[in-house]
Amino acid sequence: MKNIGILTSGGDCPGMNAVVRSFVRTCLYNGITPFGIEAGYRGLIDGHIRPLESKDASNLLQRGGTVLRSARCLEFKTKEGQRIALDNISKNNLDGIVVVGGDGSLTGAKVLFEDYNIPVIGIPGSIDNDIYGTDLAVGVDTALNTIVRSVDMLNDTASSHDRTFIVEVMGRHCGYLAITTAVTCGAEAVLIPEVPFNLDDIIKKIKKRYDEGRSRSVVIVAEGAGSAYDFGKAFELIGGFDTRITVLGHLQRGGSPTHYDRLLATRMGLSAVELLMEGTHGVMTGWQSGKIVPVPISEVLSNTKPLDKSLLRMAEIMSR
Amino acid sequence: MKNIGILTSGGDCPGMNAVVRSFVRTCLYNGITPFGIEAGYRGLIDGHIRPLESKDASNLLQRGGTVLRSARCLEFKTKEGQRIALDNISKNNLDGIVVVGGDGSLTGAKVLFEDYNIPVIGIPGSIDNDIYGTDLAVGVDTALNTIVRSVDMLNDTASSHDRTFIVEVMGRHCGYLAITTAVTCGAEAVLIPEVPFNLDDIIKKIKKRYDEGRSRSVVIVAEGAGSAYDFGKAFELIGGFDTRITVLGHLQRGGSPTHYDRLLATRMGLSAVELLMEGTHGVMTGWQSGKIVPVPISEVLSNTKPLDKSLLRMAEIMSR
Amino acid sequence: MKNIGILTSGGDCPGMNAVVRSFVRTCLYNGITPFGIEAGYRGLIDGHIRPLESKDASNLLQRGGTVLRSARCLEFKTKEGQRIALDNISKNNLDGIVVVGGDGSLTGAKVLFEDYNIPVIGIPGSIDNDIYGTDLAVGVDTALNTIVRSVDMLNDTASSHDRTFIVEVMGRHCGYLAITTAVTCGAEAVLIPEVPFNLDDIIKKIKKRYDEGRSRSVVIVAEGAGSAYDFGKAFELIGGFDTRITVLGHLQRGGSPTHYDRLLATRMGLSAVELLMEGTHGVMTGWQSGKIVPVPISEVLSNTKPLDKSLLRMAEIMSR
Amino acid sequence: MKNIGILTSGGDCPGMNAVVRSFVRTCLYNGITPFGIEAGYRGLIDGHIRPLESKDASNLLQRGGTVLRSARCLEFKTKEGQRIALDNISKNNLDGIVVVGGDGSLTGAKVLFEDYNIPVIGIPGSIDNDIYGTDLAVGVDTALNTIVRSVDMLNDTASSHDRTFIVEVMGRHCGYLAITTAVTCGAEAVLIPEVPFNLDDIIKKIKKRYDEGRSRSVVIVAEGAGSAYDFGKAFELIGGFDTRITVLGHLQRGGSPTHYDRLLATRMGLSAVELLMEGTHGVMTGWQSGKIVPVPISEVLSNTKPLDKSLLRMAEIMSR
C-alpha cells in the first residue's frame, strides 16, 4: 500500500470532513500517500485526483459538508464510464479507494471491487441512518441534535398559542430520526414509514391533551410516512386544531459535527486505512455495539436495516 | 398608580418574557401591584387576570415565547366584547395596561385609550420589524441570529454540491430581515416586497458566479416578495441550477432571546411603567437612535415603516 | 410495587431531569405512584418526599441540572441518619428507590440495599465518565459537546495570535473527557491521570509545529493530571510559547442535554422501574455495547473503570 | 485612491474577518486594489503585504478571529521601526491604511497619520467596549451573547445545588460587559471598576434571597474590579455561601460573530473605504445613535468612554 484515494459521494453529511482528516493522518502515519478524489465518482472519471498533505487535514474537524465535494454521476453507471475511472485509478497508482456515503455510493464501491478487483473500503455516511450493518452512520448524531434544538425552539412558540406543530424530518424508508427525536423532544405522536398508523387515534389523543389543559402538541413525521402539509390539513379539518407545519429539510445536513460524529468519523477513517493495509477489501466499517466491525458491502446492500422495536415501545410509554 | 396589568398579544416573539419580568420588577420596585392578563385580549374578556409576585418574574429571561400566552380575539373587536373587557379592568382596579405586540395588538390598545380613556402603553414586539416608530422591535435580533445560524448551516451543504439555496424568511410587508441577513450571510441576491426585482438579472448573476468557479449561491426571499417554491422552480427552469428550498417559518419565532433582545425588552418594560407613573398615555415605547422615545400609538398605526435605503446599497456592494 | 421514590444526588449533570421524566411516565404507565425526594439523601432524612404527577414531568427534557435538586448529606453516613431515612421511607410506603448520581451516591444506595434491604436501583449520572460498569454515564455526551464547542471558539483566537492554549477539563481520576476531546478538537497534546507524560517531549512537539509554520497549538488537560496554570507556566518558561489558560469548570455541568443524553436518560429511567417491577434489586442500569445491562452496585463500587487503550492510540495518530 | 491596505491589531475579536470582507468588496466595487497586511504593525515592518482578491473575501463572515492575524509589535514604537514601515507602505504604493483594533492599535494609527501624514482610518474592534466615540465596538455583541449563554448554563447547575456563582467577565477599565449582562442574565449583584461597592451589602442581599427560599445567586465581576477568586473567598468566609468561580476568559474572544457584529463590521469596512475616497483622514468610524460618525482618532485617544448611568439604575431595579 503506497497510495490510497478517498471520495465522498451522495448526499453530504456532517462528519465527512472528519473522516477525510482521519484518513489523511492515518495514511501519513503509516507512510502511505493519501489522494483526494473530487466530487465523488465524477472525480474518478474527470481525473480530478491529487495527493493530500498534512495541512489539507487542518481545520477540518469543525466544518460541516465535505471539502472534497459530492455530486451525482450517471456516467459511472456505464461500462464506458467505469473504464475511464479505472484508467485514472491506475494512472495515479492508487492501491485502494475509500468511499464515504450511503447505499448509492456503496453500490459504486461494490462495482469497483467485484467487477474490477479494486481494493475498496466503504464508510457509512448518511443522515437517515438507513444503512444496514452499522448502528449509526456518520452524520446521524449531528442531525438528531439539529432536530432536537429546532423542536425545542418550536415548543416555545407552540406553548404560547396552544398550537399543534407538525415537524417533518428526514427518513425516506427509515423512521429512526423521527422515532428517537419523538422521545427526546417529548412529541405526542410520531409517524414513520415502517409502522401503520391511525390518524383518528392520534387526533383523539391530542384532543384529550387539550381537554386536560395542556398548551401544545408536537407531532414528528418522517418524510417517508407522508407529507407534513397533508397531515396538517387533516389535523385542522378533523381535529379542528390550530396547526403549523415545519419542514426541517436541508438544515439537517448542515452544521458543525457533534463530538460523537467527529469521534465516529475518526475511528472509521482510521479503520478504513488499517483494513486496506491488512488486506481486507470489499467491506464497510460498521459500528456495532461500540466496536468497528467489517461488514461485506454486498451484505450491506442486500439487507434492509430493521427498526429497533424497543424504540416504539419507549415512544409509546413516554407520550402517554 | 396602584395596579397595572400587562398582556402579550398577536404572534409571540423571543423577549416577551423579558418584558414581563422587567414590568413586574419595576412595578414592585415602585410599590405598584403588577397584574398578568392571560392570552392577550381574550384574558380581558374572560377575566383571566391575576396579581403577579416577584417569583413570577424568576427564570423568565432565557425563555422564548410568552408565559402569559397569546391568542387571537375577534370578540374584542365588538363593542359588546369591549364593554366586558372594561368591566373586568375596573373590577380588578387596573389603573393602566401595558400591551406587548405588533400592529394588530396596538390597534386594540388604541381602542382602549381613545374610546374608553384607559391609560395604555404599547411595547413593540414583532419578528418582522415592521412597526413604525422604533428602530427595532423586541424579538427581531433573536430572529436575525436564528436566520444567520441557519444559513451558515445551509452553506455547508450548498458548497458540497454546487447548489443554489433559496431561503424564505419572515416579512410580509417588510424586507428588513431579508435584506440585513443577505448582507450578514453573504447571500448573492435578495428579494423583498419593497423593491421590484428582475429574475433574469439575478439568474445571470448567479450563472456568472458558477462560471467563475464559485461552489454555491444563496438567495434570501422575504415571504412578502413571493413563494420560495415558485422562485425555486423559475431558477431550475430558466437557470438550470440545482436548487433547494428552505422555509425557516416558525423557527424564527422560537429560541432563547439574545442579549440585545433581553436588554431592549428590559428597557421597554421599565419605561412603560415609568411612563404610566408620570402620566404619559397612549404611546408606544419606541427605540430610536439608542434611546427610548414615546411615540403616539395613533402615529405608529397611521405610518408605514420605511426601508433604510443604505441597506440596499450595502447589499448591492457586498454581493458583487 | 405501588410506590417508588427517586432522588438525584452528588454533582448534578445534564439529563438528570430527563431521567426523572422517564421515571414518572413509566411509573404512571404501569399504575405505580412515583415519588420525588428533594435534595438527594437529605430529602430522605428531612422527609421532603411527595407524589409526582404527569405534569411534573412536563418541560423537563430540555432543562439542565435537576429539578429535584441535589445536596451533600453527611448525616446519612451515620446510623442515626439512616434510621430516620428508613422511617420516612416506610412512612411514605415506598416499595423501592431509584438513585441517580455518581460513585458517592451509589455508596448510599448500597447501604440502603445491603444494610436495610430496601429495593434500590442506581442510575449512573456523572460528567467525568468514571463509573465502572457503563460505557457512558448520563451527562457525559453533553459535557463532551460543551468542551468541543468551547475549544472550537478558542481555536479562532489562538490562530489569530500564534498562541498555545491549555484547556483544563473535568476528570479527577479519569481522562476520558480529555482524551476523546483531544481527538475531536484536534489538540496537539493531552495530559491525563492514567498515563505518565513527558513535558519536554510535548514542548518539543509543539515547537516543531511552530517551526513548520502552524499558527496555534491546543493542549487538553484532565484536572486530575495537574493544574492547567502550572503547565502553562512550564510551557512559557521552557518552551517560550505565548500561552493562555482556560479552565472550563462548571460550564461542563450546565446546558440543555444533547439528544444522546436525553435518550440514554430515558432508557435508564424506564429500565430502573421495570427492573424493580420484576424484582431485580441492588443493581445499576449499565449501558454496555448498546444495551442496558443490570450491574450489581457492589461490583460497580469495587472496580475502577479502565481506560480504553484504543483511544490513546487514536489520539497519538491524529496529533502527529 | 488606487491601493488601500488593511491590518488587524491588538486582541482579536469576532467580526474582524467581516470587516476585512467588507473592505475587500468595497475596494473592488470602486476599482481600488485592496491589500492585506499580516499580523498587525509587524506586517508593515516585515513587508508582509499582498493584494487581496474577491475570493480572499469568501467564507469570512462566519469565522471568528482574524485571518490577517494579529501580533504585538514593540519595534513599531521606535522611529527606526516606523521608518521601515513607511518604506514598505511606499514600496507597495498604498494610498491609505485601515487599522482595526483597540486603543493600542489606534495609537499606532495616530502616529502614521500625525507624524508621517499617511491617510489612515481606524475601525474600533474590542471585546471590552472601552473605546471612546462609538456606542459599540466590533466584537462586543458576540462577546455579550457568549457571556449570556454561559451564565444560562451555570444557572442550571447553580439552581440544583443552592450555590452562589461568581462569574468573571472581561473589562479592565470598563464595566459595560458586566453591567449589561448582569441585567440580561438576571444576576443578583455586579462589581465593576467604575463604581465603588460594599461587599457586606452584597452579602446581606444574597443572604436575604436564600432566606426567602431562592435556590441560587449569580454575581458578575468585571476583571478590572478585582479577582473573582478573591471575591469567592470573601463570600465563603463572610457569607458562608457554597461558592463556585468561573472565569470566562478567552472564550469571550471566540465564536462565530452574531448578526449585529457582522452588520456593524460590514458598515464600518464600507465607510472606511468611502471616507478615504472622499479625503477624510485620521478618523475612526464611530457608531453613534445608529449612524456611522467619523471621530478624530486624537479625540478617541484623549477621552475615556463614560459609563451609561441608566444602566446602573436598571441593574439596581432588576436585581431587587
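By written order: A, B, C and D. Residues from 1 in each chain.
Here is the rule we go by: contacts are C-beta pairs under 8 Å (C-beta built on N, C-alpha and C of every residue); 3 or more make two chains touch, one makes a residue touch a chain.
Nothing here was measured: the structure is a model prediction, and the numbers come from that model.
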Chain-contact steps, minimal, separating subunit C from subunit B: 2
Length of the line joining the C-alpha centres of subunit A and subunit D, rounded to whole Å: 40
Interchain centroid distance [CA atoms averaged], subunit A/subunit C, Å: 28
Cα-centroid distance, subunit A relative to subunit B, in whole angstrom: 36
Touching two or more other chains - residue numbers and ranges from subunit C: 152, 155
Contact graph of the chains (line, ring, star, complete, other): ring
Chain-to-chain touches, reported pairwise for every pair that qualifies: A-B, A-C, B-D, C-D
Contact set on subunit A toward subunit B in their complex: 8, 12, 14, 16, 63-66, 69-71, 146, 150, 152-157, 159-162, 165, 215, 244-247, 249-251, 253-255
Subunit C - residues contacting subunit A, complex: 18, 21-22, 25-26, 28-29, 58-59, 61-62, 135, 141, 144-145, 147-148, 152, 155, 180-181, 183-186, 214, 256, 258-260, 262-263, 266-267, 270, 288-291, 314, 317-318, 320
